[in-house]
Amino acid sequence: MNQGRNLFRTLVLILGFAFLYIPIVSLIVYSFNSSRLVTVWGGFSTKWYGALLHNDQILNAAMLSLKVAAISATLAVVLGTLAGLVLARFGPFKGRTLLSGLTTAPLVMPEVITGLSLLLLFVTMEQIIGWPAGRGMTTIIISHITLTMAFVTVVVQSRLSQMDDSLEEAAMDLGARPHKVFFLITLPIIAPALMSGWLLAFTLSLDDLVITSFVAGPGSSTLPMVIFSKVRLGVSPDINALATILVAIVAVGVVIAGYTMTRQQKQKERDAQMALAANQQMIESVKKG
Amino acid sequence: MATSPRATQQKFEPWTDPDAKPYVRIEKVTKKFGDFIAVDDVSLSIYQKEIFCLLGASGCGKTTLLRMLAGFERPTSGRIFIDGVDMTSIPPYERPVNMMFQSYAIFPHMTVEQNVAFGLKQERLKKDEIDSRVNDMLNLVRLGQFAKRKPHQLSGGQRQRVALARSLVKKPKLLLLDEPLAALDKKLREHTQFELINIQETLGVTFVVVTHDQEEAMTLSTRIGLMNHGEIVQVGTPSEIYEYPNSRFVSEFIGSVNMFEGRLVEDEPSYVRIGCDDLEAPIYVDHGVSSAPGATIWAAIRPEKITIGRDKPDATDNWAAAVVQDIAYMGDMSIYLLRLDSGKVVRVTQPNIYRHADDRITWDERVYLQWYPESPVVVTK
Amino acid sequence: MKALLKRVGLQGRSVVTAVPYLWLLLFFLIPFVIVLKISFSSTLIAMPPYEPLLHWTGDKVLQIKLNLGNFAFLVEDNLYWKAYLNSIWVASVSTFFCLLLGYPIAYAIARSDPSARNILMLLIVLPFWTSFLLRVYAWIGILKNNGLLNNFLIWIGAIDQPIQMLQTDFAVYVGIVYSYLPFMILPLYANLEKMDLTLLEAAADLGCKPWQGFLKVTLPLSLPGVRAGCLLVFIPAVGEFVIPSLLGDPGMLMIGKVLWTEFFNNRDWPVASAVAIVLLLFLVIPMMYFQRAQDAEAGGVHR
């Protein structure tokens, strides 16, 4: 009976992963197709990669997207960590529910609504105080921060609730003021969560289309905007090449992450053994008196 | 060592000295969480170099009281004085008080050395002084060779010592311990109990310990404060609490006890007789009792204070007839459960003095119980 | 001195709270108020292309010109309420299929060897880290008339002529399920992985067959994960724009597309705003439901 269940499980996993990965694999395969008609095979070729590297429009857009993503991810981590800290550690206060709602809503809000509302805000602000002057990199960054900080908050808040808060109390008991406690104790312990929060914010920013379309100005086209305008007209093999490069980068990142995780796992096992041995030693020495 | 470390304890009774100034003074402290009263109008005096245990069941308020001493909770009303200074609103990082947490709370990203040095670094001491004090402390708790290890490479007992070293290295006036022995292996517990006492005496620090384990409290403390529902029910030395409980609750909480409910039949200043429906003979107690006439009172008799015999005693008081219902042989002693004619079950413990007793009392035997007039403790609430 | 320190301590906390709070108020909450305001305005050929709500009349009296016409327009013109209903329908069906696909996968991973679990989850999440846009684009290549799927079906002889799959509702369903699958799997997996397996052992011990154990123990306990996953898929799917644009029929009525068209093609900001407000009203209740679920899981309210 166990075998039946194992079979079912394996089947589900195979089908599931097939469904998830066949589209990605197809993108990669057809990026090497010399024929422009992406799905009709015309022979192996890397010419689309060459075309990609000479496409200024795409390269400029990529540059802009990377800059925007890096800046907004960093600021989103700062804001998101503060929000996560407040929600996880500051206890009930007036307005907590609203803050909680404001940090949850962006997670699910349809982007057409967020995008429209942000643009209208920028227009109104420009009317009243003259800033931001026109739409461009600044408005895109502000919008991305607003969207992605919600994700960082969720990650940080969850990590903080898992963390033993008596660690922070112990630090205060030993004489450290609250801000020192945060920088010396809390931050080092939740650092991995901040890292994954940054990566999450970076990816979301890099990939964002709808909100960016609303708040971008003339001359500030991000990579997703360029891709979208191209693929609206049909398949385009240089986009396949771009996709392949992206997948390769992500795959390398995932492999590194997986490798690090396995190594950490092994280290933890070794430490636990050491602790067990130490415990035995202590009991022995107590018995001897 | 010629004298036992606790030989001096016989004369250590600062609470009896009217001129002694308490080191910690808790004055009518109450703590409410919303409508829930966690600590209810508690007043306590704790003297220097005591090991004072707050004992009680879960939820009785002892941990909340401890946290108020540490500064993690603010009293809703009342004041707390430490060494004469009003500490009620002082935050934890400014108090000369340190705490050992139940989970030890060792910083996982720092080595043992760094953990112990943390508090000293916050005091901005010179590096040399920090190093030497950390070294001394690690040697005192016998962790010298583990200085460079990280917490997850240590056993539970070792982590506890790191926590202890970390708090004590700051030379606090007061050390608070939250269930210090709860997480230890049983074998280590007894050993650690005595180690804690030794360290406390060597350093002369005042300890306040919170525990739910009465054995722990009895072993460690100079005095115990028993708590129930947020109130201090009785304060006293371990023997005072055990032999002179002031209420049914106290006598039933510590150890086991046989409780006889009755009324005063004779009420004199030098003795009383208590009539009890479960017993054939009245209970004669050799001291006076202050109680309203006709009120219900209880006589508490500890299991080890009752003897079992086969012959009917010819006394007029302090005996009862019973049938042996159950015997638990523990090796060093035996626990007897005896059923009185009224149906009440009495618990008696006796040491197994004789090795080859073929004539031991056995199941279903009809026996007679007796106790001395000084043995029952009369409680009125 | 102590009083000053206390004030600083309190201020420290207030500052920490204020920074993200103010940001979100300014850049998230206030924009919605502005959208509401503009939904009551009317179009102008100007920049910005709408009439201001407040203005001074000749005799210096502040006048508010509320134009409910935009909302009336939404009710009168069939296009809008059909788009709303269709969007909700499409989102619901997609969520359902996402659940159908996602639950077995999450379950299979949660019940695998502990050492394999992390790697498997990493592989599930990997596509999520690649571009959403590009993954939707991939389906164009697959569902086209001379695309991968049609070529495959013709090759194995199942069909003679290519089936029209791209630019149909079917393609949109596939696209949504595919793109949002990780969002369904993650909360489900988190829930199933934490489940105490000894509960199933107890059930078996008491006479439950495995499938009964699943129905009576696992399924009920996994409901919070199901709820989170469904909301994470349904709410954004209602307002989806990219997938219907790339994969669906140009005439397909999805409210995300309608909003985009009103804004970019018709330059009718007030109507676009009205569309957004009504959509928001539809989604308020699911969103509150989602927030309550999040709060329960996050459990961060401290002493």
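As written, the chain order gives the labels A, B and C, with residue 1 at the start of each chain.
Note that in this section a residue touches a chain if its C-beta (ideal position, glycine included) is under 8 Å from a C-beta of that chain, and two chains touch if they have at least 3 such contacts.
Please read these numbers as outputs of a predicted model, since none were measured by experiment.
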*Sort out for me whether A-B or A-C is joined by the greater number of C-beta contact pairs.*
A-C
*By CA centroids, point me to the most central chain in this structure.*
A
*asked:* Need the most distant chain from chain B, centre defined as the mean of C-alpha atoms.
replied: C
*In whole angstrom, what separates the CA-based centres of chain B and chain C?*
58
*asked:* Just the number, please: Cα centre separation of chain A and chain C in whole Å.
replied: 17
_So the centre of each chain is just the mean of its C-alpha atoms; given that, what is the distance between chain A and chain B in Å?_
53
*By residue number and range, which residues of chain B touch two or more other chains?*
91
_Can you list every residue of chain C that touches 2 or more other chains, as numbers and ranges?_
9
*Interfacial residue positions of chain B with respect to chain A in the complex*: 70-72, 91-94, 97-99, 101-103, 105, 107-109, 118-119, 122-123, 146, 149-150, 152-158, 166-167, 170, 185, 187-188, 191
*asked:* Under the stated contact criterion, what part of chain C meets chain A in this complex?
replied: 9, 12-13, 16-17, 19-21, 23-25, 27-32, 34-35, 38, 48, 101, 104-105, 107-109, 111-112, 115, 118-120, 122-124, 126-127, 129-135, 137-142, 144, 146-148, 151, 178, 181, 210, 231-232, 235-236, 238-242, 245-246, 256, 259-260, 263-264, 269, 272-273, 276, 279-280, 283, 287, 290-291, 294-295, 298-303
*Using the touch definition up top, name the residues of chain A that touch chain C in the complex.*
1, 5, 8-10, 12-13, 16-17, 19-24, 26-27, 30, 37-40, 79-80, 82-83, 85-93, 95-96, 99-114, 116-118, 120-121, 123-124, 127, 142-143, 145-146, 149, 153-154, 157-158, 160-161, 165, 178-179, 199, 203, 206-207, 209-210, 213-214, 224, 227-228, 231-232, 234-235, 239-240, 242-243, 246-247, 250-251, 253-254, 257-258, 261, 265
*Spell out the residues on chain A that touch chain B in their complex, using ranges where they run on.*
164, 166-167, 169-177, 180, 184-185, 188-189, 268, 271-272, 274-276, 278-279, 282-283, 286-287
